[in-house]
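Two complexes are shown next, each including subunit A; its partner changes from subunit B in the first to subunit C in the second.
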Partner chain A sequence: MKQNILLQLHPMTKFFFTLFIFAVVLISPGYIFSFAIFPILILIAMLAGVAKEFLNIVIKALVTVLIFIFIMQMFFYPGENVLWEWGIFEIKQEGIKYGLLLTSRILAIGSAFILFFRMTEVRDFVKSLEDIGLPPMGAYVVLSTLQIIPEMRRQANTIMEAQKTRGVETEGSIFVRAKAFIPTLTPLILSSIAGTEERAITLESRAFSAPVKKTSLHQLSKSNMDRALPIVFALVVIGLIVWRFFL
Partner chain B sequence: MTAMIDLKNVSYRYPVSDDSVLKNISFSIEKGKFTAIIGNNGSGKTTLCNTIRGFVPHFYKGELDGEVIIDQTKITDYQLGQLGEKVGYVFQNPFIQVSGVKDNVFEEVAYGLENLGIPVEEIKVRVEEVLKLVKIEYLRDKNPFELSGGQRQRVALASIIVMDPEILVIDEPTSQLDPIGTQQIFEIIRLMKERGKTIVLVEHKMDLIAEYADDLLVMHKGELVMQGPVREVFADPEFEKYQIQYPHVTEIALQLQQSGIPLTFLPIRDEELADALNRTEVAAHD
Partner chain C sequence: MKRSFKDDFNMMAMLLIPIAVAVNLVGFQLANVLRLPIFLDTIGTIIVGVIAGPWVALLTGLITNLINGIFNPVYFPYALTSIAIGVGAGYLSKYGFFKSVPKTIISGIIITFIAVIVSAPITVFVFGGVTGNTSSLITAAFLASGQELWSAVFSSSFITEVADKVVSVLIVYFIVKAMSDRYLSKMNYGDLYMKRNNRK
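Up next, the complex of A and B:
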């Protein structure tokens, strides 16, 4: 199924790539370079076969934020060169420039992280962190939270259904839905608190704290690519730093 | 024979409760024995299991008096993690016994072995074997959260016996199973006994206890009121006092006895009834 070369990369390689983008964006001057990164990320997403989900999340999660930030900077960034004015509102050239810089950086870094999580199973990422020393308890907390969210959603739905049969309105405006949803939180939270104690004994009964080194059925392998790419990233970043600050 | 589980004058009170849940309990279980704990709801069976497993007092605080000795070592001298390998414990509630980090039954069953640091190749072999034994091979790719109660009970049992502990403590493992499923669980327990495991089982199904178990512990309101070989405990007139069910055949035999039909012995297994009646006839002819 997972025949895609990009998807098959080690989670750490993908993570290094994300950090690489982060570094490049911060080092490089101006906004043109940073804006140019976005099409590259789209290209990578296409090659990895996740372009649709990637764009979808970028649009949902980033675009409104970016527009908002841009408008704020445009009007309120201090500057001299007023381009347009209406009452107390002034658009300044400095504001536009700074707004573009900020949004270009947020777009590049934000979408790099989104792309990372589109291309990496969280399970694999956590495993790779465990391999470099994340304690098992930390790994457990992350993974169990991920598993439990759908479980809790299922429970919440059950409770909502029950409310509906009792005649509570559960559909309609946000206000109506919130009114129906909030009472379900109490049983949900209570049951998950009660659940933590039980979970602790469950883990104990499965030898979670046995004084030995754990093994794992789930193994990640590193290819030559995984060894080479981080070095390439590092060299490029060093090159950029030298070019930017020393030449 | 050496004692595997040894309790001496054990009393225990949960942190928030006013009354002791276990009252001055003493018994000793030999290695390789299959002991059933019976008693009505709330009589303290589960708490007793928690005590044998060391969750009392390592996990449930509260007042514990007396001594709990597992395989010659006091429970307070073990670390919680060390007991995991020695005492396998299958809980009463199958819905809480999922690790919550595995997406399929195969990995779920393997989880305890990963924690014990068993090499991956060996884990695979052992999990395969246990899935077959517990008859859940068909569930191997299913999400543990999406199983029925009975399926979860089997997975929970498999997850523990795969770790191959010396002592198995199993709390009501058949509450969600049909008669055939229940019988299968008892067959698995018998197999574990043949492998030399020491078994402590909480169960309400007396017919199966009469058929499979060696000894009985009878709990009543926190006290251990009777103990001994299964047959002796059921035959003791005191047993009736605690309002616990008899095996069906014993119930019938007692009715027959009351209506004046003499029996040479009190049957506890179905196939013994005819024998108990026949022999009296022979005796009458003489």
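Up next, the complex of A and C:
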């Protein structure tokens, strides 16, 4: 796992790559180019060994949205050339073209972000943001959020089970179900905020808000590749802008 | 009462953010489990707005959408909506809009307008009008009946948002009411909701 050269890149390099795809897709004309980016992303995911998770999330998160968007544009985008007609529904050539453009862009940009988070640990990304000036408090908030979510999910289930035992109904008509919401959420929130005081004391006992430079156990290093690649990305983007708008 | 921008970000307020983000996510999950027709995914953001002020709520909204976006990038552009809801709730709280049930309902409607005005342009420009959720079906129905794209998106998202936001703010109202004075006294806007005030 650690030998993989792509996964070992600095988080900022991977982030620049995502922004690079974002810029390229917005600059490039037409949909063929944007659709071509997706196979490239799959290839990168395969080289990084995350292809399976990557494709899973793309299918779960994006495919229904894309189909929806495409059908909508096909029927409702204003245009002249009607290809097919049935009652009030008309498929127009302009609609298909705009639908392809829109879906190709969303697919490319969306999957670039998905790939980024498959290839980068959030912990590393936050650390790299901290290195370029994010306050340690911000980094702590993001990381402890990630930690607290599964914890609170479990707690919510426990509370719901407990309230069911007490006789709170979770099945039945919509009003019965809606009434189960408050007895679950209120104890969850009140018990969680009760814990913040202890956490504040724990952090302060380690001088967390003292105005000094913090040392971190977790360090990131930059290789030559990490210095060179962002420059390459920037040059390609500038080149594309020149080609698209000035030539 | 004068408060500087920096005063809002004290330790207790920052520690509230992770909980609020988790409440947003858990609220959405609970609404799913209970098969409710509304999302209830902004309760945490609104709570932070009410007791810790607009700027902390802004951060809460931003972090919620960034974390949702890790698994579904469709959430990224809507970070703006979450931010606007948080800031809106914060300012409404500052002017005492969460102190009684009728005022809370009014602020729910105001928050709905904020959410719709911010999210409709995102839906239209980024996704061409639909994102594949329930309000998309309503949008499609409006479009098929001959409405313009903008008014279809505005009206369909208003229909789906208004119930969600009014119920959310009412839940927030009751939860803030149940918070202890001891905790509220540590939050920047908490003194507005302390029970001690009522006793005088």
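Throughout what follows, the second predicted complex is superposed on the first by the 221 of 247 C-alpha atoms of A that agree within 3 Å, B and C clash if a C-alpha of one lies under 4 Å from a C-alpha of the other, contacts with A are read in each partner's own complex, and residues count from 1 in each chain.
What we mean here is this: a contact is a pair of C-beta atoms (placed from the backbone, for glycine too) under 8 Å apart; a residue touches a chain by one contact, two chains touch by 3 or more.
Note that the structure is a prediction, hence the values are computed from the model and not measured.
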Report for A:148: first if it touches subunit B alone, second if subunit C alone, otherwise both or neither.
-> both
Contacts of A:181 with subunit B and subunit C, given as first, second, both or neither | second
Touching A:156 in the superposition: subunit B (first), subunit C (second), both, neither?
-> second
Superposed model, subunit A: greater residue contact from subunit B or subunit C | C
Look at A:211 in the shared chain and tell me whether it touches subunit B only, subunit C only, both, or neither; answer first, second, both or neither.
-> first
Pick one for A:202: touches subunit B only (first), subunit C only (second), both, or neither.
-> first
With the two structures laid over each other on chain A, which partner does A:247 touch: subunit B (first), subunit C (second), both, or neither?
-> neither
When the two structures are overlaid on chain A, which partner does A:61 contact: first (subunit B), second (subunit C), both, or neither?
-> second
Shared subunit A contacts, counted only where both subunit B and subunit C touch the same residue = 140, 144, 147-148, 151, 199-200, 203-204, 208-209
Where on subunit C is subunit A touching in the complex?
-> 9, 11-12, 14-19, 21-23, 25-27, 29-31, 33-37, 40, 43, 47, 59, 63, 66-67, 69-74, 76, 126-132, 136, 139-140, 143-144, 149, 171, 174-175, 178-179, 183, 186
What part of subunit A is in contact with subunit B in the complex they form?
-> 140, 143-144, 147-148, 150-151, 195, 198-219
In the complex with subunit A, residue positions of subunit B that touch it | 53, 55, 59, 79-82, 84-85, 88-91, 93, 96-101, 103, 107, 110-120, 123-124, 145, 159-160, 163
Residue ranges of subunit A in contact with subunit C within the complex = 57, 60-62, 64-65, 67-69, 72-73, 75-77, 88-89, 98-99, 102, 106, 109-111, 113-114, 117, 122, 137, 140-142, 144-149, 151-153, 156, 160, 170, 174, 177-178, 180-182, 184-186, 188-190, 192-194, 196-197, 199-200, 203-204, 208-209
